[in-house]
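Each of the two complexes below includes chain A, the first together with chain B, the second together with chain C.
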Partner chain A sequence: MVANAEPIIESRPVPRVLRWLGMRVLFGVLTLFLVSVLIFLATEALPGDVARIVLGTNATPEKLAAVRVQLGLDQTLVAQYWHWLRGVLTGDLGTSLINHYPVGELLAGRLLNSLVLGVFALVLILPLSLLTGMLAARLRDRFYDKTLLGSSMIANALPDFVIGTVLAALFGTTLFHVLPPVALIPPGDLPWWHPADLVLPIAAMVIMGVAYLSRLVRVAFIDVLQSEYIQQAVLNGLSMRRILFRHALPNALGPITPAASLVAAYSLAGLIVVENVFSYPGIGTALVDAVGNHDLPIVQAIVLFMAAAFYVLNTLADVLANRTRRRR
Partner chain B sequence: MLEVRDLTVGLSGGGAEIVRGVSLEVRAGEIMGVVGESGSGKSTMALALLGYARRGTRVTGGSVLIEDTELLSLTVRGLRAARRELVAYVPQDPGAALNPAIRIGNQLAEIGDRAGAGELLESVGLPGSREFLRRRPGELSGGQQQRVAIAMAVAARPRLIVLDEPTTGLDVSTQRRVLELVRDLCHGSAMAGVYISHDLAVVGNLADRVTVLYAGRIVETGTVGAVIGAPAHPYSRALLGSVPSTRERRELVPIPGRAPQPGEQSAGCRFTPRCAHAIAECGTREPALTLAAPGHAARCLRIGERLGRTETLVLPAKETTEGADAVLTVSGLNAHYGARQVLFDVSFALPRGNCLAVVGESGSGKTTMARCLIGLHDRQDGELSFAGARLPASAGARGREMQRRIQYIFQNSHGALNPRHPVGDSIALALRHFFGLRGKQAADRVRGALERVELPERFAQRYPAELSGGQRQRVAIARALACDPTVLICDEVTSALDVSVQASVVELLRSLCEDGLSLLFVTHDLGVVRSIADSVVVLNRGRIVEHGRTDSILGTPEHDYTRALLADTPELFTAPEPGSVPG
Partner chain C sequence: MSFATAGKYLRPAQVRVGLVLLALMLLFTFLGPLFAPHQPNGIIGTPYAEPGGGLAFGADTVGRDVLSRVLWGGYQLVWMSVLAALLGVVVGAGIGLLAAFRGGILETLLMRLMDVLLAFPGVLLALLFVSMLGPSKPLLVLLVAVGHLPGVARVTRGAVFPVLEREHVSWARAVGLPARTILARELLPNVMSPVLVEFGVRLMWSVGTIASLSYLGYGIQPPTADWGEMISSNRSALGIQSLAVLAPIACVALFTIGGNLVSEGVSRVIARSEGRA
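Now for the complex of A and B:
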C-alpha cells in the first residue's frame, strides 16, 4: 500500500449531514441575534416619546420621568437591549405600552388565527399549483397554458393588496355580496367557527401563491417532459395519466419542493397584507396596529417571530434542495 | 412483417423534410441495418416506425404497416397498444431513457406482467433476483442498463424491435454481448429488427440487410454482402473508406464537405457536392432507386458504370528505435481514488514523434492514467519524467513551460470549450497565457492554428454550439497546437464522433505526429489504434498486461485479455489473403 495517510471521509456520510445541520442551527441563532439587534435599533429610532405615548399628551413632567424610570428608558441603549433580550430568552416578551397586557398573552390568539389562515392557504396552494402547472406543461403553448402564464404574470405584478381588495369588492360588496368583506372574528373564538369569514382571505393568499408557484411547477415539468425517459415512456405505449403522475411527477418534485418551501416563506409577507385588507385579527393586523400606536414591545415580538419563521422555512428549502441534489 | 412505404417526416412549420420517401421491408426473424452519419435522419426515421415524431416534427406522409396494422392511421388508444404489442424501441442512451426514480422491476411490470419480470431479466443475461428488481437505473452499469432497456422492449413480445444505436456508449465486450442478445432475440423468436447505427462495422456483423441513408433519403439498400462487398453508391463507398480495421494499418479516407441540413434545396442528388464521381447531370436530376443486382439497389445515375474504386491505402508501420529517445517516461505509477487503487505499477515510455495508444475497457484506468500524466490526479505516486526532467505529480507544481509543452484533449469537446466565447477567443486565451500575445499577433496565431486543423479562418468568430462535433474537436486540437506542445494527450477524442468524422480527426492527428509531435492516444477502439498508433499499451484493471509494437500486439496478441478485446471488436474487412491485390 501507499504511504498516503489522508483520512477517508466519503464513507461516513451521516456525521457530515449532522455537522451541516449543526452549522445551519448555529448560523440561524447568529442571524436571529443580528436581527434582534436591528429590530431593537429600528424600533428605538421610531419617532415619538414612549413615556408620552403611555401617559397621553396631558401628562406632567414628573409623571413622565417616573414612567421613564419604570420602563428603564433612562438607562443606556445597551442596557435596555440587554434587558429586552434577557426577557425574550426567558419567554417574557414584555408588556404592551397601550393596554399593559403581557405581549405573549396578547399575541397568542392572533398567532393562532394567522397560523390557521397560513396553513389553510398553503394546503390549497401546493396541490393547486401542482395541478395547474402540470396541465400547463402538458398543454404547452396552447390556449390554457398561455392564459395561465399571462394571468399569473399579471397577478404577481400587481401589488399584494390589489387582489384582496378586488375580491372583497366583487364578493363582499356591490356585485355579488355573498361573503363578508371583513373577517370579524371575536377574540377567544377559534377561526374555523367562522368559515365564511375565512373564505376571502384564504382565496387572496391562494391566488397569489398559485400564480407564482404554478409557473415554477410548469417549468420543472417542461424540463422533465422533454427528457428521454418520458419519450421512452410514450414509446412504451403508457397512458398519459400514468406518464404524468408516475413517471414525471417524482422527478419534477425534486426542483419543485425547495421552491415550494420558499413560496411558503414569502407567503409571510403576503399574510400581513391580506390580513389588513380583510381586517383579519392575526399578527399581521396586530403588527400594523402596533406600529401605528408605537407599541414597541409588540412590534419587536412580531418581527422577531417572523424573522425566525422565515429562517426556518428558508433552511427547510435548503435541506430539501440538498436532499434532491444528493439523490441524483 | 414490417412494410414502410414513402415515409416522410418534416418540420412542423412545413417545408424542410428530414426523412424523404423512405420505403423498407423487413421480414420476421430478419435484422435490417440502417446506416448514416449524424443528421441523415436515421433516428427520426426510427421513431416514425413507432408512429412518433419529436416535438417540432411531423410525419407528413407514407405508411408504416406492421403485420396488418397501419400504424400511422391508428387512434391514440390504438397506437398505445401497438407500441407495446407490435413495435418496441431500444434507445441510444439507456441511462437517460430509463426513469431514474422508478425501480426497474416496476418499470418492467408496466409493460409486461410483474410475475415474468425476473425471468425476462434472466433472458437478457441479468440476475432476476428480487434484490436486482428493486434497484433503480442509477445503480446499474451502462451495459446492465441497456439490457434492462432491451428486456423492457421485448416484455410484451412485439413483432418488431427498433434499436437506435444501442451500443454507442458501451465498450467492446459489452457491445458484443448486447449484439449477440439482439441477434438471438430476432433470429430465435421470429421478431423483425431494425438496427440504426453510424458504425458500418457493427451493422456489417449483425444485420442481414443494410440500408444506407443520406440526407433523409435511401441511397443504397441490399444484403450485407452486397452493400459492403460491392457498394454501388459513392457515399456507401466513402463510408467504407473511413472505417478502420484491426487487421491492417489503413489510411482512413474522410468524406470531404458536410452532410446537408434539412431544408437545403437541391434539384439533384444530395451527395453531389461531396462526390468524387459526380457529373454535370448529378446536380440537376435526382436518380431513382435502381437495381444494381437482384435485391441490391442504389440511387446513383452512374450505377452500373465501372467507377474507379477508392483505393484503401495500407500504410507501412513506422520505423522506431525503441526507448532511444523517450520524451515522456512513466515508471512505477500507482494511483488511487479514495481507498481504492486504480493503477498498479504502470511503466512505459513514449518515444519522441511516436504515437502510443493506451487501450482498455471502461474501468481499466486508462483515463486516470492520462489524468496522472497531465497532473490532474493528485493521489498518485511513481516517477514521471518529461524531456529528461522530473515531472511533478501536480499540474500546479510543474511550471508554465512544462504545462505548455504537454497538452490534453478531452473526449467531450462540448464541455472543453467555453460556450460563451467564440472559439477563436478560447484559442487566444491560451496564447495570452503562455506567450503573452494579444491583438493582431494573437489573431495571426489563432488563424495559423485553425489552418493546421483545416478549419477556415472565419470559424474563429463562431461559438461552440454553432459547430458540429467534429469541428469542435478540431478546435480543441487547434487550441492545444497553439501552445506549441511537445506531447499531446488525447483522451477518447474520437469516440463521440461518426466514423467519417473520426477518419478526418485520426488523419489530422497522424499528420501532426508525422510532423514530429508525440501522441499519447487513449481509446477503447482497436481499429483506430491500428490506424494511428506505433506502439500499444494494453491496460486491464489498472495493470499493463501487454506492451509492444502495434503490429505485433494486434497481429499476434499474447495476453488473453488482448485476444478477448480483439475478438469482441467488430471487424468489417476479411483478412487480406496473402498475395491478393487490394481493391
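Now for the complex of A and C:
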C-alpha cells in the first residue's frame, strides 16, 4: 500500500503556492546571510584599528595585542567572519569588550524586558486599531472620523522620541506627576513587577501603532461596507452591529492582517528610541550604550537580532498581502 | 510636469496648509540664525534661568540662550535632511528604473540587495556604522540616504512597469529605439509624480531619523545647536525649564507635520486619478 501510494504523490506537481513559499524561504535565508555579512563588515572590516578604537588612545601595547587576539584580528577576514557566524549559530555570541561577560548572558534579561514591552504594546494596538478604525468607517466624514484622521496624521508625522518626550512631559514632570518619566527596573526583576514604569513606554508605542493601523482598518472597512452584499444586508434590515462584526469584519481582516504584521515590525524598530526616552532596560538601550562604548560583540548581536526579526516580520507581511491578492 | 498637473495636486486644502507650514519652517530654519539675539553657544545666564530678563525663552542646562539655540537648531538638521533625501531619491529611483527596464538577473540582484538594506529600519543602519566610524556629518547623510534606497527603488520600479506594458513603449523597444530616448520620453515623465511624492516623504523621514539620532547622541554633536540634541540634553530640566524642551519639540513637530500633510494629500490625489483611469 505504502509503496504503491508513493509514485502517485510524486507524480502530482508541487502546488504552485508551496513552490513560491519555498522560493521565499530560500531567498529569505540568502538575505539574512547577506545581512550578517553587512553587519560583520560594518563592525570589523572598516579602515581603522578596531582595538585602538575600543580601548582608546591611552591603551598599552599589551592590551591592544590582547584585544586583537580576542577579536581575532590576527586572522583573515573570512576566517573571522566564519568564526563569528559559527558562534552565532551555536548560541555563542562572544564576550563583551567592556566587562568580559558572555553577551548572551548580558542580553537575556534585556531581551525579555523588550519583548514584554513589545508584546504588551501589540496586544493593545490590534484591538484598539480595529475598534477605532471600524467606528471611523461607520461614522465616515462625521466629527469622530475627522478627529481620528487628524490626530492620527499628526501622530504618524511625529518622530518616536517626540511622542515619548511629550508623554513624559505631560504625565511625568510638568502637568501631572502621576507616572514615572523614567523606568527604573532593576536587573533581575521582571518588568510586570513595576507596572507603573511600563505605562508610558507602552503608551508611546500604542499611540504610534494605532495611529498607523487604525487608518488602514478604516479604509478596509469603508471598502467592505460599500460592497454589494453588505448593502444587501443593510436592505434586509440586519442590525449594524451584526453587519459590522459578523459580515464585514472577516472580509476586512484580509487587507488588515499584513498591515498588522508591518506594525509589529515597526514597533520593533520603535523600541530602540522609545526605550531610550524612558531609560527602559531593554535591548534598545543596550544597543545605544554599546554603540557609545564600541562594544562590538553586543552591537553585532543586537543589530543582527533586530534586522533578522524585522526582515522576517516584513516578509510575513508581504506573504500575507500576496495571499489576499491571490484570493481576490 | 505642467502647471495643470501641479494645480491638481494643490486642490486639497490639506496640501496647501502643509506647503505653507513647510515654507514657514524652511524660512524659520534658514533665516532664524539672522535673528538670534545671542551666540548659540555663548553662556549668558544662569543654568535653567526662567524666561524673562532679556532671555525670552530662558536658559538651558548650562546657561545658554534657549531662543538663540532654537533659531539656530534646524540649520544643520534641515541641510543634512535635504541632502539625504535628494541622494536617496535620485539613486533609489535610478536603481528602480534600471531594475524595471533591464529586468533579468540585474533586476533580481538589485532588488535582493535592496531587501538586505530593508532589514535595517530607521536608526539601526546608522547606529551600526556609527559604532565604529563615529558620527561624522557626511557619513550620517550617506547612511540616511542608503536607508531610503529600498523604498524609493520599489516605488519607482512599481511605477515603471505599467508604462513598459503600454503598446507604443513595447513597440519602441522592439524596433530598437535607444534606451536613452525611451527613458527620457516615456519613463521619466511617468514616474515623476510618485518620485516627487517620495521626495516629500523621504525629506520628512530624514528629519525624523537625523533628529532621533541626535537625540540618542549619535547625530549632530554638541555643542552645535540642534533641536534633537536640545530635547535630549534639557530633558532632565523638563520640570523647571520646560521651554528648553518644548520649543525644539514644536519645531520638529511642525516640520514633520507639514511634510506629512503635503505627501499624504498628494498621494491621495494620485490614488484618486489612478482609480478614475
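Of note:
The rule we apply is simple: the second predicted complex is superposed on the first by the 279 of 328 C-alpha atoms of A that agree within 3 Å, B and C clash if a C-alpha of one lies under 4 Å from a C-alpha of the other, contacts with A are read in each partner's own complex, and residues count from 1 in each chain.
To be clear about the criterion, a residue touches a chain if its C-beta (ideal position, glycine included) is under 8 Å from a C-beta of that chain, and two chains touch if they have at least 3 such contacts.
Only a predicted model underlies this, so the values are computations on that prediction, with no experimental measurement involved.
Contact with neither chain B nor chain C is seen for A:79 once the two complexes are overlaid on the shared chain. In the superposition on chain A, A:314 makes contact with chain C only, while chain B stays out of contact range.
Within the superposed three-chain model, A:235 lies in touch with chain B and out of touch with chain C [touch as defined at top].
Looking at the shared chain after the overlay, A:69 reaches neither chain B nor chain C.
By the touch criterion stated above, A:265 is placed in contact with chain C alone, chain B being left untouched. Greater residue coverage of chain A by touch, when chain B is weighed against chain C, goes to C. In the superposed model, A:26 lies in contact with neither chain B nor chain C.
On the chain A side of its complex with chain B, the touching residues are 2, 4, 6, 8, 10-11, 226-229, 231-239, 242, 246-247, 250-251, 328. Against chain C, the residues of chain A that register as touching in their complex are 27, 30-32, 34-35, 38-39, 42-43, 46, 48, 50, 53, 153-154, 156-162, 165-166, 168-169, 172-174, 181, 265-266, 268-270, 272-273, 276, 287-288, 290-292, 294, 296, 299, 303, 306-308, 310-311, 314. Across the interface of their complex, chain A is touched by residues 112-113, 115-116, 118-124, 127-133, 204, 207-209, 211-212, 215-218, 228, 231-232, 235, 238-239, 242, 245-246, 249, 252-253, 256-257, 259-261, 264 of chain C. Note for the complex: chain B touches chain A at residues 47, 50, 52, 54-55, 79-84, 88-89, 91, 93, 96-102, 110-111, 149, 152, 334, 336, 338-339, 341, 379, 381.
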